[in-house]
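In the part that follows, the structures are each spelled out as structure tokens.
There are two complexes below, and they share chain A, which is joined by chain B in the first and by chain C in the second.
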Partner chain A sequence: MDSERVVELLNKSLGAKIKEISAPNPRRVYVTLDPADIVECARTVHKELGCRFNIASGMQMQRDFEVLYHFAFEDDTPAGVVATLRVHLDEKAPSVESISHVVPAAEWIEREMRELLGIEFRNHPDMRRLLLAEDWPAEVYPLRRGKPWEGKIEKKL
Partner chain B sequence: MGIAIKALMKSPWVFHISAGSCNNCDIEILDCLCPRFDVERFGIQLVGSIRHADALLITGAMNRKSAIRVKELYEQAPKPCLVIAIGSCACGQNFFRDSYHTVQSLDELLPPGAVTVYIPGCPPKPEAMIQGVVKALGQLAKKKDEPVTAGEEKKES
Partner chain C sequence: MGRKDREETVSDNKERIKSIVPIGPYHPLQEEPELFRLHVEGEKVVDVDVDIGWNHRGIEKLAESRSWDQVTFLVERICGICSNSHPLAYVQAVEDCAGVQVPERALYIRTIVAELERLHSHLLWIGLAGHFLGYNTVFMWGWKYREPVLDIFEEITGNRNHYAMMKPGGVRRDVDPEYFPHIRKQLDEIEKQITMVKGAVLDDPVLHARLKGVGVLTREKAIEYAAVGPVSRASGVPSDIRRNHPYAAYDRVEWQVITCESGDVFDKAVVRILECFETIKIIRQCLDNIPNGEIDARLKEVPPGEGIGVAEAPRGEVFHYVRSDGTNLPIRHKVRAPTYMNLPTCKATVVGQSITDATIILAAIDPCYCCTERISVIDADTHKQVMTGRDLVRLSQEKTLRLRKGLGL
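For the complex of A and B:
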């Protein structure tokens, strides 16, 4: 399995939902999707194509937020190919449907992204605080650009 | 020399606190205990309960959540006890000092003079850790009747 074959597979199964697809090297494929389609596409890739959900990652870009869902095709080659589903979210109020109903492994990473970047995952089954301390103020997202926590938290216990 | 100090020097039992470290220092601590360095032949033993410990090995930069635990554990340790800060993070928080989830450093958190030895390094070599413990014990031997840790313990004796 190489990236060309993966591109072919994804084109066939996701079809018109793909906004953009690229394979920068033989091991990686990037697919840009509309945020509204992410749950459906994650289900197809995870359930029908049988990919393992690796991890998701969130980033604050120049003008928007990006969430990347990394899926691994690892059937025949030892290292396999990683296909990344990418969605762009609004900078003011980043919000996307949670994929944890179709991919249960995504539950904790979505909680983490919510806490550290402030990305809202709609219909998430359990959105309790995961990593930050109990006394950490709500609405302060430490991994956003700049130092958003400055002046809002005490640096001493 | 008091009986407590004599017993401590004869066989310092250590309790290992990993306060948000990257696990590198922790692996090196385990290296000390494994057959290559085998500090158990000097009576240094890793114990599972803070109540049995003569020395605390603290690794990691400490975050908002673990710092509370470190303070609690220090208070629960029978005195006199040695506090050994292992690694650059425990010594002075390294580059995590201005990070969002760290609080004050270990020596500011514990009572003044509580930290007996600083062992810098990222991670320190097992040789360095053994030297640190030997130095701490040497300090104890010199002080005779005085407890190792200065500050509040001094008043009790």
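For the complex of A and C:
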């Protein structure tokens, strides 16, 4: 399997939902999708194409937020491809449907992205904090860019 | 929601749940504290809740303020045991982004260091698993036979830990062939010793009785949780990054992916022990076939773009993603360690098992989790400590002893 074959597979199964697809080298594929389609596409890639979910990376760019869902195409041949599904989210109120219902392994990373970047994952089954402490102030997201937070944490005894 | 709310959800179930057994959160011997809340009814575990983030160091954020070269040293500090896997995955992500070809000799050196790391990490786990079960001889063996591996590290990298060998575009220093005969001799010795441990562990009827059918992770669950490394291979999923996404020199040497079928603690041990032999095989071939030449592609700058690097750490796949805007700092660096995927599988493996088996099941995923001195059993109503970590290890060891007597040994 190489990226050409993966591009072909993805074009066939995701069809018109693909906004942009590129394969910079034989081991990597990047697909841009509309945020509204992500659950359906994740289901297809994970369940029908049998890909292993690697992880998701969230990041704040200059004008928007990006969430990248990395999936590994693996078969018995020694040539796996990492395919990345990318969605762009609104800068003011980043929000996207959770994929945890179709990809249970994504549960933790969505919790992590919410608390570190402030991206809302709608309909997540268990949206508790994962990494940050209990007394960490709400609405302060450590991985966001911009002005550092200047408030004070009240010490509870 | 904070941790308080979690306690409330727990208390909603108060009629059913008799006690909570907290395991963690602080373990002085491990690099990542974590807290397991075992909800138990009598001896049986009915639910488990994992709580992480006790020692979150913000390495992803720190990486955004370090140059490409400095990040290599930063990610090396993520884990002391896997201190080669993270830099290896990271430099591969940078190379993926920059599109550079790494010289052959560097690929072989990377393979040697990565496999030596697997060898010492697996031996360390064998020792710890032995201790949990009351096989303190196995503990002493495992750690004693690990020492020569660390000596080899010192010879070829200059350090017993934190080898600082990886570098975007190649490796930082060359390996002197003068040391090869000595390494070969040491490997022969280690192979003999592991063969002995293999016989002692895998043919022991008590261990069969103690570990078979305990903490089973089925193939379906392993795929659902996207488990990686020895945990998934013990459940029959032949997922090995070295085979599926070849990097370094793994596609240039002969070796086997070890898999087992049943996914219990015994199979997880089998996979790790048998992998040690494959590892020795790989190192020998690398020493025999290592080509001469450059060790560094001399990467000058990283162009704008993005790159992904994956590597098989002793515990499973390490995943690194970097985004570059053409400056000398990454604008985003995502790190995913293998335990992040393997830890949630404890929901499938621990629930329904007895508390005497919980320590070994949790230890079977090798979660960089070694000190159980901090485990204590606390009565949920009175908050009184009823058992300490030592008691739990003793419980686990006593069960082994009972089995041994029952078998007439």
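We adopt the following convention: the second predicted complex is superposed on the first by the 144 of 157 C-alpha atoms of A that agree within 3 Å, B and C clash if a C-alpha of one lies under 4 Å from a C-alpha of the other, contacts with A are read in each partner's own complex, and residues count from 1 in each chain.
In the analysis below, a contact is a pair of C-beta atoms (placed from the backbone, for glycine too) under 8 Å apart; a residue touches a chain by one contact, two chains touch by 3 or more.
Keep in mind it's a predicted model, so treat the numbers as computed, not measured.
Looking at the shared chain after the overlay, A:A105 reaches chain C, while chain B stays out of its contact range. Counted by residues of chain A touched, the larger count belongs to C, out of chain B and chain C. When the two structures are aligned on the shared chain, A:L49 is found in touch with neither chain B nor chain C. Of the two partner chains placed around the shared chain by superposition, neither chain B nor chain C is touched by A:I21. In the superposition on chain A, A:L68 contacts chain C only, with no contact to chain B.
When the two complexes are overlaid on their common chain A, residue A:P142 makes contact with chain B and with chain C alike.
In the superposition on chain A, A:L132 makes contact with both chain B and chain C.
Overlap of the chain B and chain C interfaces on chain A: residues 132-133, 135, 142. Chain B meets chain A in the complex at residues 63-65, 67-68, 71, 100-104, 108-109.
Contact residues on chain A toward chain B in their complex (touch as defined above): 132-133, 135-136, 142, 147, 149, 153, 155-157. Across the complex, chain A is touched by residues 1-6, 52-53, 56, 58, 60-61, 96, 99, 223-226, 238-239, 241, 243-246, 251, 305-306, 308, 310, 317, 319, 321, 323, 331-332, 334, 336, 340-341, 344 of chain C.
Across the complex, chain C is touched by residues 24-25, 27-28, 30, 52-55, 57, 59, 68, 70, 72, 74, 76, 78-80, 82, 84, 103-105, 107-109, 127-135, 142-143 of chain A.
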